[in-house]
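Working notes, structure below.
Naming follows writing order (A, B, C, D and E), and every chain is counted from residue 1.
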Amino acid sequence: MDLSGYFSTMWADLPAIFSMLIVGLAGLVIVLVEAFRNKHRSIPYIAGGALALGMLWEVFQLGTPSETAFFDQIRTGGYAAYINLLVLGAGLFTVILSPPYLRRMGRNYGEVYALLLFCTVGMIMLATSNTLISIFVGLETMSVCLYILAGLLRDDAGGIESAFKYFLLGAFSTGFFLYGMALMYGTTGTMYLPEMAGAFPDGATPLFWTGVGLLLVGFGFKVSAAPFHMWTPDVYQGSPTTLTGYMSTASKAAAFASLILVLFFALPPEQWSLVLAVLALITMAVGNIMALRQNNVKRMLAYSSIAHAGYIFVALASGTTAGYSGALFYLLVYTIMNLGAFGVLALLEWDGKAGREQTLDSLAGVGLKRPVLGASMAVFMFSLIGFPPFGGFIGKYFIFAPAVSAGLTWLVIIGLLFSALSGYYYLRVIYVFYMQSADEVEAAQQVPAGAFSNLPAASTAAIAACAVLLLVLGIAFTGVAGVTESLFVQAEAMATTP
Amino acid sequence: MDPAMLTSLVIFLPLLGALALLALPSARAVKWTALGTTVATFVASIALFMAYDPAVSTATGPQLAHIVDGWFPEGVDIKYFVGIDGLNVLLVLLTTLLGPIVVLSSWYYIDSNHKGYYALLLILQTGITGVFTAFDLVLFYVFFELTLIPMYFIIGIWGGEDRIYAAIKFVLYTLVGSLLMLGGVLYLGFAAGAAQGVGFTTDWYNLLAYTIPLGTQTWLFFVFALAFAIKVPLFPLHTWLPDAHVQAPTGGSVILAGVLLKMGTYGLIRFCLPFFPNAAQSAAVLIGALAVIGIIYGALLARVQPDAKKLVAYSSVSHLGFVVLGIFAFTTEAMQGAVIQMINHGISTGALFLLVGMLYERRHTRLMKDYGGLATSVPILTTFMILSVLASAGLPGLNGFVGEFMILLGAFKSTVLDSPMLVALATTGVILAAVYLLHMVSQTFFGELTHPENAEMEDMTPREFLLMAPLAVLMIVMGFFPQPFLNQTAPTTDFLLETIETKRVAAIDAAEAQTGTQALAAPSTQAAPETPAPLFGTDASAALRNDLIDISSR
Amino acid sequence: MDPELLVRLILLLPLTGALVCGVLPLFQPQLRTKEGLIGAVGTAAVAIPFALAVYLFATYPGDAIIVNYFTWMAAGDFSVDFAYRIDELSLIMLLVVTGVGSVIHWYSTGYMHGDPGYWRFFAYLNLFIFAMLNLILADNLLVLFLGWEGVGLCSYLLIGFWYTDLKNSAAASKAFIVNRIGDFAFLIAMFLLFFHLGSLDFGTILEEGPGLETGVLSFIVLLLFIGATGKSAQLPLFVWLPDAMAGPTPVSALIHAATMVTSGLYLLARLSPIVLEVEAIMAFIAIVGALTAIVAATIAITQNDIKKVLAYSTVSQLGFMFMAAGVGAFFVAIFHVVTHAFFKGCLFLCSGSVIHSMEHVEHDLEEKGHNVAGFDPQDMRTMGGLKDYMPSTRWTYLIATLAIAGIPLLAGFFSKDEILFKTFEMGYSGAFYGYAVWAIAVVTALLTAFYMLRSYMLTFEGTPRWPDADTVHPHESPSSMTMPLWILAGLSIVGGYIGLPAVIQGGDLNWIHHFLGEPYGGPVAEPTELASVPLALKWALVGLGSLVAIGGSFWGYKVYGSDQAMAYDDALKARLGGLYTLWDVKYRIDDMYNEVLADGLINSSKKVLQPMDTTMIDGAVNGIASLAQSLSNGVSRIQTGLIQNYALMLVLGVILVIGLMVFG
Amino acid sequence: MALASFTFFALAIIAVASAVGVLIARSPIYSALSLILNLLCVAGLYLTMNASFIGVIQILVYAGAIMVLVLFVIMLLNLDALPSPRDIGWGPVAGFLFGVVVLMQLLYVILVGFDISLEPATPVMTAETGSAETLGIMLFTEYALHLQVAAILLLAATIGAVMLAQRSFE
Amino acid sequence: MEVALDWYLALSAVMFTIGVLGVLIKRNAIVLLMCVELMLNAVNVALVGFSQTLADPTGQMLVFFSISVAAAEAAIGLAIIIALFRNKRTVNINDINLFKH
């Protein structure tokens, strides 16, 4: 049997998976280094270098047309490059922030970085998949790594609990996810997303829609949409903070990107628009309302990330290319905001309990003591509310405008009202940071002397860079918006010309 | 230099100053830089004022317009578009005038984090100037929100005891309104864009040219009006105001009362009326009634406040009620009066806050019972206070009268309000203003010096005199010579009122044409009901949807 | 000289004076004690305009001169200029205001001597003159309103001049606020006029106003009249005037007797052509005037404060003027304004002189170790017998008293008699209210003579009633104060001859009528269809008037002449019982204002609105916040922390999604 | 035909019964043993469908490797049946109800909503489709990338398992 | 295939639901893990059924990956349960509720 045709195709397609390769290889190298030279200093650099290299590669892929590689298994081109950049960037940020944090936690091991890189491989696979199998494999690779990372602080009752919850519910949802795939596959007879749309010339059957619904459940779990969100606050609170940041951004971005691919390529937009709108509504409501009462910042941010998933669902519910590209843009903004916010929290953790018991009050007056961190946090919070001139506002514009044009004005208005509500808890962070002084809080909450005395410069710089990036995105965003839009326009053009 | 750049210069000069401040080492340098920046901005705005020619029509575009395209992607007509017309020229001037005054008033009042304070103050000024000059709805919204951030910090960090509560309330209250408005902006942008075949547009002139169907107007109007009514604030949405005013540091209060509140009334004139004329006219009596309730209610509450600052704060509720009444009268007189009254209120209430702030700086109390008999120890301050009070109470010959009189006169003859009783009730505000303001004066400045610490109180310093004098002069000048100012605004208000009328008729015609076609099908129905508000996905939006690239077509 | 320049000078000189006296010393405290300079500037700032006014009067060509300086405000159809009108009416007022004003300024240089607020006083006074001139010279209602409010402001500043006593400041606020109530009506009237005529210029109003529908016009006139009642202290808005006596006495003389309070009359006279169109409102005006006159007169009987007596007397006299206006005799009202300015100005200045010297008495008593806590230099009960110490004051006071009482051949006689006659004439012409008003007027005239003599007798005659009267003596005031008294007393004697009554030469010698009256080309209109009163009846009326005046005076002289002067008050009180008490408490009108209106408003604001604001309106806002918070707390209970519940939720979601997808 | 049906239904009934057994067994050991039985039945079902490769994998990986691991852990932790709860809360009841609803929905869409328009493939075709050769070639050509990623997944799982369960942190 | 696809699907649905019920009802963490495996196993039945009906091997490809994922998940799950047991001395999921609300 001659398979050489296959191999030459694969060889030719290798550049398409360049970043997956380099990141995966770096992970393997780290595993080896760790095996022989325990906790070697070079490990974070290897990881960071690989991620940076991947990003560099992807930057040049941004403009390329959308194509598929590896026998139509994955997508390449601008869309993939965009979302890979997001995932790789989140990884890089986490690698920069993690060493000092993990050292403080006593967990600065090579495996962590290896898992982070493996996780990134899974995300890239997920976010660029063109078949259901790719989605499944990518998603599971990502999830398994995240389960482990969530349980990194296994000696802490909270750490291991969060890992357990994440794992069990994740596996549970995988069951539904896989079932959904099975039904979709069975009713259409194909695993390829673009072929699915054409499988039903006279309208899809209920079984297919059931499959789609179950698939949505799986995605909903990964992006923590209500009512599949229940794990989110517990896991975010118990996980190591820098990794929480990674979890809440990269995995969400990858899952959303994948969902967008499914929606865009595979589905005729009939019933699902309503479903997404309802999910968006519940998600925004639950996320925002629950966040109101949180006193733990990490938990609050967890609920906030739920709420933001709801906003993105609003864009998806519009079912237009403008909505999808808006969602992609918002993912970028959201990633930067949340990474930064979790980064600030990681730097300000002082009680050694992985932040899960650290209340907001204990951060009273930090903003004035740590001007860079404080200002950055303020930027993140204002951006999360959706204030101009930060990226958050433009992001909100790009997700709500398509929904309005698609006739979902009611949903947009509800979403905007929830944004206003979110102002309450985001502003709370700012006022604690700036307007309260440490002696105004209870003694039990006060910061011990010498806590977070020396901030790592690299971490601070990375956070400040996030803040600046948000400001830039809030003013000069046309380029990015153009990229996200062109991805779909190209694909559209391709799809219409057989 | 291109004169159009002047507008942008006036907007962004403070921002540049704020950035420069951050690099400075000492508090002293920071203060002087802030002062220098604001003065320079004021000078630039004078040049702007000179360059503005009321005789040139602004019917097709503002003067000194500065347009930068390419902010948003292709197909989305959102752009940086600023300019000057009769409606905003005075407000810009007022904003830039208050700039140096506020900096001077904060000179010693602010004793910590100078850098942050002055930088925020300057950013705030950029935001406000931007709000007034923006001719693009989204740009307007951006500036509108931008003002919230600095104000939040100014109240929250340098404010009084309850500063956090006040700051959060201020921001959230405004946010609810403005975010709802954003929904309206998006809808309007698409609707107008579809009508004009450009996809999405928020260019003020494009929106002005677009006649919105009657049903849609109603909910859009209320969404917009709510945002602005909160900002004004219109009764019963006013409760954030006393808290914010009282807790804010003097400079913050002055900005807040002087110009920030005007963003609401300005928004009503600039957007609500011309965009939704039919809805605005239908709602005029309702809003007018609320305004009148606000006038009386604010005045009565002002009378019973023990706190001088709170008294002035409630007086703002009362005074802004006049402006809103004037806006919704739809007559030239009232509209002009409303515009001029915005300026007047900024000057006189700004002055009152400055004076109360001076007292607070000396004695660290705002309660009137802690004062009394100050006229003996601080005669100059007393004189300025009485002048400001009289201006605020609308004494003829001082600025407050001009606006109030024209508003009431115009409202009285308004066929839209058509309710002389309402105007008569509003006029009682004139009596009540005297009641609460004189109460404050006599409690604070007259009587015996009961508190010995008040006896040694220092009279106005040259710095304080310097910052009060321009306001005092303006009070008198604008009282006797308001006409030069009115001339600046007249062409634009005339144009606006004409446009409103034209659009109103056009919308009714359009609605009738629609019912006419229905009537052909069913001749018995003469007056078919108006088309319902297409809030929940309608034909119009469905049509829009088809225009856009939609994967459903595949 | 060019009238434009003249008017400009007349207007701006007082303003300049105000600025010089007020602003310069404010910033240069060493100037504050330069009394000579300030007094000179202040007085000259009024005296020069007086001279110019005389020149203007002398050269007045007979046609109204209108000078238009610049546009004040204009928008849409509305346009108002700073325009001034010189005609017969404004000339008369101009002369009175600047003339009496100059005299009172001169007087003030003596009266205010040594007061730390000397500079402020002259600044305010000059400012007042400026405002008053705007009021009387205005060519449109808005400029008139500028003066109208301006005089109110100065009145406020001057009543509260001695601000360290909170009572004074309260009186000042009261005056301002009560005036504002009238102004409120004035404003509405202006809106109506503009609404119907499209202009506020007197030219348009007087030309087109009479053509308006009667209902509208009645309403306008009624509103204007309410405005006038505020300024001119008529029922029910007169309460501020007695309290206004808290100000320095020259202020009472100038503002609260001679000029400002008469501006309501001026307004009606100015608009007489439209007022005459609405007879019902005219009757109302006359009746209100009559009631005010008698109410104030009865209260005046019970007053012991010398200035309060004069204040109520002023209210009463103003009532007379409104009676005249109400029967259409506007020129007579103006005539009374003029004579009243003379004698009431004189009376107030005399009382100032008295108070001045009584303050010295108080001072001396204090030096002698008496407890002066209860001593009030204005209380007539502690005066008596001042005629020996203060001859000039005594004589001038007496002259003015007789003049106001209406003793024949003095100024008051002519003007008051004319009012009585005009009211009678109205009744004679068939309007019943004329007789009613006339009857009240006659009674009031009697009372006026009585209480004025009472005040004179208590003050100057009899024996001194202050403690230690043997050693402590009051002194006559300096000549800067007595000279003005004599001037005004002289005018009180001769002032009446400008309006000789109708019995003499059939009224042909009534100069003021000829000067002002519309039939003779003046601006003040009058009713045309009046029945002619027979000459004999006219004479009888004159006789009755004289009799009433003389009788009242004699009665007063008689009962207060004895040494036990105060005894008659008690007798009166005993005889009249409840009625006297009612007078004494001023018909409870003041209390009603304070308790019902002012306190009611404030209390309801404090007890109803303020709690409503915090609990209901703000409470709703905070309620939404706490609702969200409790919603958050409630919803958070589904987040139990138990993994199975999470899974359950997930399955619920599955059911929901499948349900929506397949069945939705 | 009858034999195939009989085999299917016999295996199906045993599979369902053993699945229920997992639920009702009180001791985790019995649950595990029931599950092994279930997995074996399913493997048998695969074979009835001619899916030989998957059937073998099922026995090797699932029943062989995974379940042995599970049993080891149960033994290692010396787990016994949990004490029965004093009262059954609303959770299990609601869970049961929800489960039934899900089942209803699924059965509804399968039995009512699903209209099989496809002609079932012939046994020859199915035998080829399910053969190790077909699947093996596919795995190393079209799904080579997935295989590599799955390898990374397994590596990560290995590292993770070691890290979570074994590695000693200082 | 001799037996109609419907039956396989129904069997799959029933087994899947039993797995779901197990997760919702059982209290032992390891049994929960087993129930999840049962769910995945049930899906595999459906997938193989579809795959064989369509004569399309990709369905079985997914089953292959699903089994490897199941293996990986089992390994991770058991590791987590061991760590959990060490920490809390219990595998009763009702005792694991440190985070709530």
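In this text, a residue touches a chain if its C-beta (ideal position, glycine included) is under 8 Å from a C-beta of that chain, and two chains touch if they have at least 3 such contacts.
A quick note: this is a predicted structure, and the numbers were derived from the prediction, not measured.
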Fill in: Length of the shortest touching-chain route, chain D through to chain E
1
Worksheet, complete the sentence: Joint neighbours (chain A and chain E) are C, D
Worksheet, complete the sentence: Counting contacting C-beta pairs, the top-scoring chain pair is D-E
Worksheet, complete the sentence: Of all chains, the one whose CA centroid lies most distant from that of chain D is C
Fill in: Separation of mean Cα positions, chain E and chain C [Å, integer]
97
Fill in: Chain centre separation in whole Å, for chain D relative to chain C (CA means)
102
Worksheet item: What whole-number Å value describes the gap between the mean CA coordinates of chain B and chain D?
Response: 68
Fill in: Inter-centroid spacing, chain C versus chain A (mean Cα positions, whole Å)
78
Worksheet, complete the sentence: For chain B, residue numbers touching 2 or more other chains are 172
Discussion item. At least two partner chains per residue is the criterion; list those residues in chain A.
Written reply: 133, 137, 140, 144, 147-148, 151, 154-155, 163-165, 168, 172, 189, 206, 210, 233-234, 293, 424
Worksheet, complete the sentence: Among all residues of chain D, those touching at least two other chains are 91-92, 94-95, 98-99, 102, 105-106, 109-110, 113-114, 118, 143, 146, 150, 153, 156-157, 160, 164
Discussion item. Applying that definition of touch, give me each pair of chains that meets it.
Written reply: A-B, A-C, A-D, A-E, B-C, C-D, C-E, D-E
Practice prompt. Within their complex, state which residues of chain C touch chain B.
Written response: 26-27, 70-78, 82, 142, 145-146, 148-150, 153, 156, 160, 163-166, 168-170, 172-173, 176-177, 180-181, 183-184, 187-188, 190-192, 194-195, 601-602, 604-606, 609-610, 613, 617-618, 620-621, 625
Practice prompt. Over in the complex, which chain A residues touch chain B? Could you list them?
Written response: 197, 264, 268-269, 319-322, 368, 382, 385-389, 393, 396-397, 400-402, 404-410, 412-413, 416-417, 419-420, 423-424, 427-428, 430-431, 434-436, 478, 481-482, 485, 488-489, 492, 495-496
Discussion item. Under the stated contact criterion, what part of chain E meets chain D in this complex?
Written reply: 1-11, 13-22, 24-28, 30-31, 33-35, 37-38, 41, 44-45, 48-49, 51-58, 60-61, 63-65, 67-76, 78-83, 85, 91-92, 94
Item to complete: Give every residue of chain E touching chain C within the complex, in rising order.
Response: 20, 23-25, 27, 93-94, 96-101
Fill in: In the complex, chain D residues that touch chain C
91-92, 94-95, 98-99, 101-102, 105, 108-109, 113
